[in-house]
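Only one structure is covered here, and it is reproduced in the block below.
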Amino acid sequence: MTPGRDRPPTVLSELREKARTRLDPVHWDFFEGGAGTETALAENERAFRRLALLPRVLRGAGPADTAVTLLGDRAELPVVVSPTAFHRLAHPDGELATARATAAAGTVLITSMAATTAVAEVTAAARSVRADAAVWFQLYLQPAPGVTEELVRRAEQAGCGALVVTADSPVFGRRARDDHNGFHDLPAGLTAANMRDLPGAPPGGTRDIAMSPALSWDDLRRLRAGTRLPIVLKGVLHPDDARRAADEGVAALLVSNHGGRQLDAAPATVDALPAVVAAVGDRLPVLLDGGVRTGSDVVIALALGAAAVGIGRPALWGLAAEGEDGVAQVLAELRADVAQVMTLCGARDRGDLSRGQVVVRGQGTAPC
Amino acid sequence: MTPGRDRPPTVLSELREKARTRLDPVHWDFFEGGAGTETALAENERAFRRLALLPRVLRGAGPADTAVTLLGDRAELPVVVSPTAFHRLAHPDGELATARATAAAGTVLITSMAATTAVAEVTAAARSVRADAAVWFQLYLQPAPGVTEELVRRAEQAGCGALVVTADSPVFGRRARDDHNGFHDLPAGLTAANMRDLPGAPPGGTRDIAMSPALSWDDLRRLRAGTRLPIVLKGVLHPDDARRAADEGVAALLVSNHGGRQLDAAPATVDALPAVVAAVGDRLPVLLDGGVRTGSDVVIALALGAAAVGIGRPALWGLAAEGEDGVAQVLAELRADVAQVMTLCGARDRGDLSRGQVVVRGQGTAPC
Amino acid sequence: MTPGRDRPPTVLSELREKARTRLDPVHWDFFEGGAGTETALAENERAFRRLALLPRVLRGAGPADTAVTLLGDRAELPVVVSPTAFHRLAHPDGELATARATAAAGTVLITSMAATTAVAEVTAAARSVRADAAVWFQLYLQPAPGVTEELVRRAEQAGCGALVVTADSPVFGRRARDDHNGFHDLPAGLTAANMRDLPGAPPGGTRDIAMSPALSWDDLRRLRAGTRLPIVLKGVLHPDDARRAADEGVAALLVSNHGGRQLDAAPATVDALPAVVAAVGDRLPVLLDGGVRTGSDVVIALALGAAAVGIGRPALWGLAAEGEDGVAQVLAELRADVAQVMTLCGARDRGDLSRGQVVVRGQGTAPC
Amino acid sequence: MTPGRDRPPTVLSELREKARTRLDPVHWDFFEGGAGTETALAENERAFRRLALLPRVLRGAGPADTAVTLLGDRAELPVVVSPTAFHRLAHPDGELATARATAAAGTVLITSMAATTAVAEVTAAARSVRADAAVWFQLYLQPAPGVTEELVRRAEQAGCGALVVTADSPVFGRRARDDHNGFHDLPAGLTAANMRDLPGAPPGGTRDIAMSPALSWDDLRRLRAGTRLPIVLKGVLHPDDARRAADEGVAALLVSNHGGRQLDAAPATVDALPAVVAAVGDRLPVLLDGGVRTGSDVVIALALGAAAVGIGRPALWGLAAEGEDGVAQVLAELRADVAQVMTLCGARDRGDLSRGQVVVRGQGTAPC
């Protein structure tokens, strides 16, 4: 950036550029790319730019309190780390670095079933930093007998606080970058650690993660019957599915289009949020991920009724660029920015934000 | 594409670029260009980008079944090959290659009256691959006496399954590229084979295809009276015309703006589809062509009520790039992508898709 | 244009580029530029691109009849030549060339009060080509006593068919290009010929054209009382002004923003047209100018209720590029294109077009 | 600008470019930049481009009278100079130049609490040019005891006509350019002169300006009780806050997003104006600043109900480029342009403008 000429980089954009430089371009593409034409990917960010926040003034709110409570876990900021695969591909410290930084920031890490570090090690790393650190386990329901049960048992034993069941993946996404780069397997030395020693796995080897279009609400019901952990359903965009999920007793929803990596035609998540909140917002907490890059994005989602938001790629940018410290920088920056935006909106906490503060740019009316 | 820097090519975009390289630029312009300012051409694609699909989750749909039944013919995918002229200009194998690849893919070829291969040879090529291959014949109603009748007779004898009457061409389109390039006649050695030996044609020569603004519903009624073949009316965009067509007993409609090659001011076909479906969707099947490039485009059209869609230029890209195999690649890619998108939408088949799953990006509401 | 790579030029765009090359850049800027930020100028064209035409099919319309009747004058095409100043600045033959080409095309020329050729010479040139050629006289009401009266007398004596009173110019437009280029006076040898020998003019010299914010409906009423010619009010955009004009007995309206040369914040004329037609379309003919470049633009305006449209800059492009023949090419091209678009819309004549055929792109609904 | 090729510069754009050249790039960034992604900054200008003005014709309005009365002060144009910090950073003459030019133009200067010249010197400079020059004092309510009171006393003694209380700044904006450039302190020799010798300041030194999220309507009420000056509340965008402000007895509102320097997610001010006017327009005058660059922008705001508008950066461009004369040029240009646009709209004065004259481009309807 040349002073006087261009807009300068931000904390996140600088980490992103550093990550791009450090990573093998093929791995960068894996993390950064999306499905198909990458329309959903681009729209996730663009949709936030179409919305504006009406500030309130002179409310005497005092310093912003960014903390929220999520399924009984306190998060110091309304931003959790959404599940993403293969953190050791981004940085040698992998999920351990992410877990320590997230725990130190005082928020929830949703560790991926496709992590390169086993869930027990992830929770241990988080708890080494903060005794009550919250880690949730992301789960693809597995059609093979006994596999899901074993994964749930491990998550429970590791002390996870919730199961985040991904519902948007009845099949793997078609990612043109990975196809083009021929990227389909982890490099030697990295494994999907949670998939080791499962029923049906080769001795000492890992099972592949299966995605199945046969999965149904029945499978979710069976899962729920077999665990004491609350279930967060991830990938819900249609209000009718949100209602069904509430009826089925899930504890929370995560409005997500899988970061634009599954259905390329999916709407931006913040475009889908209002209808989901209208459908079930009074029954259970609704989270959102996809395209969140600034404090404004977070506060817009909160004002539209989200209990919290998740970040995916930004955490990976921090991790790839500077390891644990990079993830810490991302979360610190977002926390500061959320506090700033809340204060500028006249809000002390999430409860002071309301849907009437969100307007569509150029229309002056609330999104629908 | 450089890994880490750009979005990679897709199967279709690579075939398109290869076709552009292989073809005489003047012939490329003939296939690729449109009428006037090429606004309709560009809008056909752009309009799909304005729409999004709301996926449904956990429906236990199982693997997607992309097959549809069209006028009694089974198509393995809801994508037919729409009529385009002069396939031998794209590749020496011409319509024979297109017919074999389309038959092998198990879907319908609508062969053009302006083909460089006679309809009987086209159907024979298709049936050499699959005994029950479906070929429909595209027809411009001819004002000269006896010509239409003879064409219909040939289509019937060739075993065509339907007549696709083009209604959007009371006059030739004004194509600036062709005018600029001086492209008005087929090169030596190529002929509009269906127009040979017709009443009024010079001995051994071909009649020109006539387009007439005098044609009316009366002409269509006469055609219908003289054939046992079902009639698909192509080029309908106005709901009042759709109603009239249904009243006249046509078997199906094809919502089309002739690939942006006739009325440059025409709306994108997917913008026009909902009103046509609302008008007659319960009375007869409605197909659509124009701008279909991905599985998402196909599924959006199906969810809005289309029975199937047609592709024009993509088949020509495949043909020009790699002959029969190129067409096969295009159809295989679209079938795979349709299956992928249906599965991601929670749909086993077309019947599981509904209009409520289509939303306008940035609005969260259904298109009208 | 390279075949296979770019969209080719059109008749109008080629004439425009040729004009740009031939003209002194300062004079090009005078003709081509607009007021202020040139937003109104750009929007006039852009607004047409936002609209689409729904074609009708199989109506048996036959060849299109592009002729219309305007205040009793027959025009072979629904395109008149709107008034523009200083044609001799564009070409040595000036208004004489424009008049001959327009008469030959069989349509109306609205000659400007700021012409470089006197109205009597203009009408004579037109009538030398076609005995009943229609020429209307554009008039700025002059506050000085007797001036307007003398101008009206000359227009009547010259055989003009109507007075086109420009209402959008209570003051000269602020044109950044002309200010920057220091262009404020006609070069030596050119004069505003209609302003010669008027009351108060220096002997043998010309009066300046006055624009006055004091002009009111009273002045228009006085004008009307003193002439037998019908009055067309030009520059009306607000429906309340349209109603008032109808009440005042004007014969027709010309919806215009002066080609974007006066109020830079004015809406595109085709955006303003529907409300004006809704207000007075049943009482008097409504014409439109501004941004008309293609037959589609013309037919969109007609379908929205315009009786005809005017072109300004396109006629000047033709004139500057190739004199009389260039103007003839522009009118021939537009006539052919209008006929083409009407036929593609299923219309034999203007009466077959209806507002229901116009939709907003991406909305599927009529403009309001 | 090359004649015949590009749009030429305007008075304001030329001054802006000259300012950019003259200023230290770091200082340019301070004046020109905004918060966060600079979305609010860009939208302020863009939103005006989305709106159009419907002119009225033949109203006999006569020459435009651009004068307005604001809290009893006459302004020769409906454009005041909004408060901006550190004018001596832009030009050695600083606020004295701004004050003289603004007084000479006959309008109101809102001098900033963060000025580099004390308010008494600013008012003296203004009055040296025009005895009744109006200067208002912009105030951030200070939480420390006695500070606000002393500032108010000084403003009163200096003869300010109003207190403009900034309500949009419970915290400093996060400006990426300044952070990147490391610009956080005034260069040696410049001070925030109004902050000198205040309670709690170091001897001979200045207090920092405090921003506090604890400030509330109670603080405003105390302020009002302690001064005879009318209070203008600046930074209101939400209609509920506008209503509350009216209930609290403020004399006027200034709809502002602080030039895009505080809440990056804020809507464009002209998008927020209609709802504020609808809420309180009949109870107190509503002003607007943000993105005003042309006479059209001013008149659009007036037609939507603003009593006047403020300019921030344009005055700084003039000041940095050419000192007092530059500011004078900016105000003269805007006055001339406002008069031009009002006349073209058929308005003699602000009272002749109405909301019905404002339409959204491409929609033909009024903004909401």
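Per-chain numbering from 1; labels A, B, C and D assigned in written order.
Basically, contacts are C-beta pairs under 8 Å (C-beta built on N, C-alpha and C of every residue); 3 or more make two chains touch, one makes a residue touch a chain.
All of these numbers come straight from a predicted model, not from anything done at the bench.
Between subunit A and subunit C, the least number of touching-chain steps is 2.
Between subunit A and subunit B the CA-based rotation angle works out to 90°, given as a multiple of 5. Interface of subunit A with subunit D: the two copies contact each other largely through different residue positions, with under half of all numbers used appearing on both sides. Taking the mean of the C-alpha atoms as each chain's centre, subunit C and subunit D sit 41 Å apart. In terms of their C-alpha centroids, the spacing between subunit B and subunit D amounts to 59 Å.
Multi-chain contact residues, meaning those touching two or more other chains, do not occur anywhere in subunit B. A complete list of chain pairs in contact reads A-B, A-D, B-C, C-D.
Against subunit A, the residues of subunit D that register as touching in their complex are 20, 23-26, 28-29, 33, 36-40, 43, 47, 50, 167-168, 170-171, 173-174, 176-177, 179-181, 213-220, 233, 235-238, 240-241, 244, 262-268, 271-272, 274-275, 360, 367-368. Across the complex, subunit D meets subunit C through its residues 1-5, 7-10, 49, 51-64, 294, 296, 299-300, 336-337, 340-341, 343-346, 357, 359, 361-365.
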